[in-house]
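Sharing a structure below in structure tokens format, with a few things to ask.
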Amino acid sequence: MARGLFAESGADLELVGVRKEFPGFTAVEQLDLTIAAGTFFALLGPSGCGKTTTLRLVAGLEEPTAGRILIGGADVTDTKPFRRPVNTVFQSYALFPHMSVLENVAFGLRRRGIGDPLGKAHTALQLVELDHLAERKPAQLSGGQQQRVALARAVVNRPALLLLDEPLGALDLKLRRQMQLELKNIQTEVGLTFVHVTHDQEEAMTMADTVAVMNKGRIEQIGAPEELYELPRTSFVANFLGQSNLFAGEVVESGDATIGVQAAGRRILVPTERAQRRSGSVTVGVRPEKLLLLTEEPAATAGINVLGPGRVTDVSFSGVSTQYLVEVPGVGTIIVFAQNLVFGPVVERGAEVWVSWRVEHGFGLSDAPVSSIAQAHEALVGGAEA
Amino acid sequence: MALTAFTGPVVSADASGARRGGRIALLLLLPGIAYLLLFFLAPLVSLVITSLQTPSETVFGQYDFTFNWQNYGEVIGTYSEQILRSFLYALLATVFALLFSYPLAYFIGVVMRRWPLVQSLLLILVVAPFFISFLLRTLAWKQILSDEGPVVSTLKALALLGPQDHITGTPIAVVFGLTYNFIPFMCLPLYTTLERLDMRLIEAGRDLYAGPATTFRTVTLPLSMPGIVSGTLLTFIPAAGDYVNASSQFLGGTSSTMIGNVIQSNFLVQLNYPAAAALSILLMAIILVLVGVYVRRSGTEDLL
Amino acid sequence: MSGNTQAGLVLGQEIGAEELAPAPVRRRAYGFSAGKWLLPVYCTLALAFLLVPIVYTIVFSFNDSVKTNIAWRGFTLDNWLNVCSEPGVCEAFGNSLLIGVTSTTIATVLGTMIALALVRYRFRFRAATNLLLFLPMATPEVVIGAGLAAQFLSAGIAKGLGTIIVAHAMFCLSFVVVTVKARVASLDPALEDAGRDLYGSSSQVFWRITFPLLLPGILAAALLSFSLSFDDFIITYFNSGSVNTFPTFIYTAATRGIPAEANVIASAVFLLAIAIVLIGQLSAQARRKRLAR
């Protein structure tokens, strides 16, 4: 990017076959990714999944072992960080402790020789409503204020791409909610491409247009938040984004509209278009809030899956809903979220129940590692006995 | 300040910021390392070489390299008394300095924690002796402890000292001088660890039915081990090699000569370089072995 | 004084505040009233003891002495007003300053470079480098002094100011490395990343971010190095030849009696050093207060 010029608008980011190895381990296995200009993109994953490394690769703070990185169509793989039209809001904010807030914000502008750095810095500070603290040192600000200064320091450079490395991690819950909204507003206002790294699924889902779920150096699934939630493609996504009930079995019938999976002596139907695999051993699942608890065995109805009878082993109240754990012989523990429409639980512990859900709510996963799914399920329901 | 050197935070080799950058690292390291190799390691080697020389048969005052291992046997035979005395004095001084300093460091580092300003002012008083010339403060003690000085006359008046007794020139004065001169070296590392001591651990000890004595023995003392280890090392090593306190112009006498005095007089007065070199190598070897064993046994290897 | 008393002191305060202390702990509480004043009294006496030779030295800088400065003969300011009247004192002092400044500069530059490399980069021979840095601190000064002297002797280099500076820079180097290393390690690497991210080139990042942030550590290391050099006697004496530094001047003068002017210089240096440290502490305190606001 030419010295003294701002980016006109956000730019596309393209990663082609990017791989990063550190001595002893591989942080990023293989990454192919295109992020359209002007989007708010979230990279979501557990710690150690390679998401921060990916961000550092884009910023130029690390060099990829293999692959290319393109920003706005231009190959920047070998470009030094200070020549890339990219700025980062660091996890620890990384505000320079020996400079005032104003000088921190003006730092990038001065380095690039842009005219009126202080005036532009003041404008950026007004954007985050901190102009009155411009003369303070970073150590004299609260965590939320520091976060906003870090944001202003990055945004003031009008980068084509703004990278956010878990910038809200250090804030308490209430402040975090507030900052999430503020970030989203700023993004809409300045129209940049945001790439946000986080391990907080709720944060990713509320803020981003597109979410990529990352695990062990690979991207498991990319899509709009609701799409990822409603139609997870792997057991990792199904369990990392919210909770899921997963059932393993053999495909016994395969039609145009649905496939039938034999599990625990019952047949579970899943829409064909929502199943990634349509033959052999598969794993199918359904979200806990899609389930209905029944105290009597329902009559067989088309378009409804039923499992049971089972026994309620645990009831826990969580405000808006109640979580039930139902032990169904041959299937394992099933989680059910029921909205609290009436006072008190609908059923007591020990009650005999059936669970049912509409066929179109089910999904079929692309991976079928039965044992690991069982383990994940086990871990999820807190080892409530298999 | 001065001795936080030994007690600064332990820097892990794999600090998260570590990068690989062979060339820059080499450029940064090379001048300093070359300097140390040239002016620390090479002198040690030349000391080893010197220690194996014999006097030249043709030119007086000249020495030839002959692999003369007997030099070591000779100096051990001649100076075993001074060698043993050095380590005994250094040990005594270390123990006394530790006993003197621990309560002081505890007071400043733990009791005074609520008043940081007082804490730092007291600390300045502890290190104050650093700032006055080492030789002059030792000479000051010589005058104070001299036969005409106030201490001797008081002790004589109290009949604790006979009319013919002295303090200066005796081993007591030498150990006293060593102790005094190295107290700041002991105090600072002790202070640094005690100042960081988490009081909640002591409360936990109390909570778990340990009385003050037991809590001190089982919680406070083990946790201050890093400070004790660096303090004792910082005292013991220079004390063992010191020759100012034991020199007869200062606090010592003929019956309290230490290995440092012997090395100094062999090297600078008698010009018997091989003997001085052999003694130096011997001193260093003994100290390294002692330090190695001590550090290993006290389980604080990461201090190095 | 036993350690138990001190532990008792602190615990005593805690227990006093704790109304519902369990019986076994409470029973021990009777001893604490003694412990409460025992430790402060001991510390007052201990600090007074530490200051005895300092006070002695300062007082005798005002002694109206003739030739030797042993017996008190009366108060005078002459020594302070005519420090340089005593032959050799001021020359030795000047030499010490020159040696201190030069060797500190060398040690600080080399040591800071090593510290940066040690914290920031992974390289082979790291353990060997650490050992090479530790050994000079674990070697008695006589050995270092004799070793250097032996080397200068065999290389045929005449002893003088140059050999003293070389020697001082050598033993100060390790102390500089340890001091600066701690500072580098406490520096968040993200700050430099941020500098690079904000369009700073490598040299801009170093001079505008890394260096200013390391400066307090580097200054502390330089002060430590200077005071080590200024007060060093043992290594200096082996390598000084005919040049006198302030400590070697005192050592040689000790046989015939120390001139009061030496006390003047030592006292002045002492007061100056204490003043520097005091100002440093007080301004740090003020800064902490301001930040806590």
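In order of appearance the chains are A, B and C, and numbering begins at 1 in each one.
What we mean here is this: a residue touches a chain if its C-beta (ideal position, glycine included) is under 8 Å from a C-beta of that chain, and two chains touch if they have at least 3 such contacts.
Please read all numbers here as calculations on a predicted model, not as lab measurements.
Student: Counting contact pairs per chain pair, which pair wins?
Tutor: Top-ranked chain pair by contacting C-beta pairs: B-C.
Student: Centre of all protein Cα atoms: which chain's centre is nearest to it?
Tutor: Central chain: C.
Student: If you average the CA coordinates per chain, which chain's centre is most distant from that of subunit B?
Tutor: A
Student: How many angstrom lie between the centres of subunit B and subunit C, each centre taken as the mean Cα position?
Tutor: Going by mean C-alpha positions, subunit B sits 15 Å from subunit C.
Student: I'd like to verify one number: the distance from the centre of subunit A to the centre of subunit B, where each centre is the average of its C-alpha atoms, in whole angstrom.
Tutor: 58
Student: For subunit A versus subunit C, what separation do you get between their C-alpha means, in angstrom?
Tutor: Taking the average C-alpha coordinate of subunit A and of subunit C, the gap between them is 54 Å.
Student: Give every residue of subunit A touching subunit C within the complex, in rising order.
Tutor: Touch list, subunit A to subunit C: 56, 59-61, 80-83, 86-88, 90-92, 94-98, 107-108, 111-112, 137, 139-140, 153-154, 157.
Student: Going by the contact rule set out above, which residues of subunit B touch subunit C in the complex?
Tutor: Within the complex, subunit B contacts subunit C at residues 1-2, 4-6, 8-9, 11, 13-22, 24-26, 28-29, 31-33, 35-37, 39-44, 46-47, 49-50, 100, 102-104, 106-108, 110-111, 116-117, 120-122, 124-126, 128-141, 143-144, 146, 148, 180, 183-184, 199, 202-203, 206, 209, 211-213, 215-217, 220-221, 233, 237-238, 240-244, 249-250, 259-260, 263-264, 267-268, 273, 276-277, 280-281, 283-284, 287-288, 291, 304.
Student: Taking the complex as given, what residues does subunit C use to touch subunit A?
Tutor: 188, 190-191, 193-201, 204, 208-209, 212-213, 290-291, 293
Student: Help me check something: in the complex, which residues belonging to subunit C touch subunit B?
Tutor: 1, 3-12, 14-15, 22, 24-25, 28, 39-40, 42-43, 46-47, 50-54, 56-57, 60, 70-71, 106, 110-111, 113-114, 116-123, 126, 129-130, 132-144, 146-151, 153-154, 166-167, 169-170, 173, 175, 177-179, 181-182, 185-187, 189, 192, 220, 223-224, 227-228, 231, 233-234, 237-238, 246-247, 250-251, 254-255, 258, 262-263, 266-267, 269-270, 273-274, 277-278, 281-282, 284-285, 288
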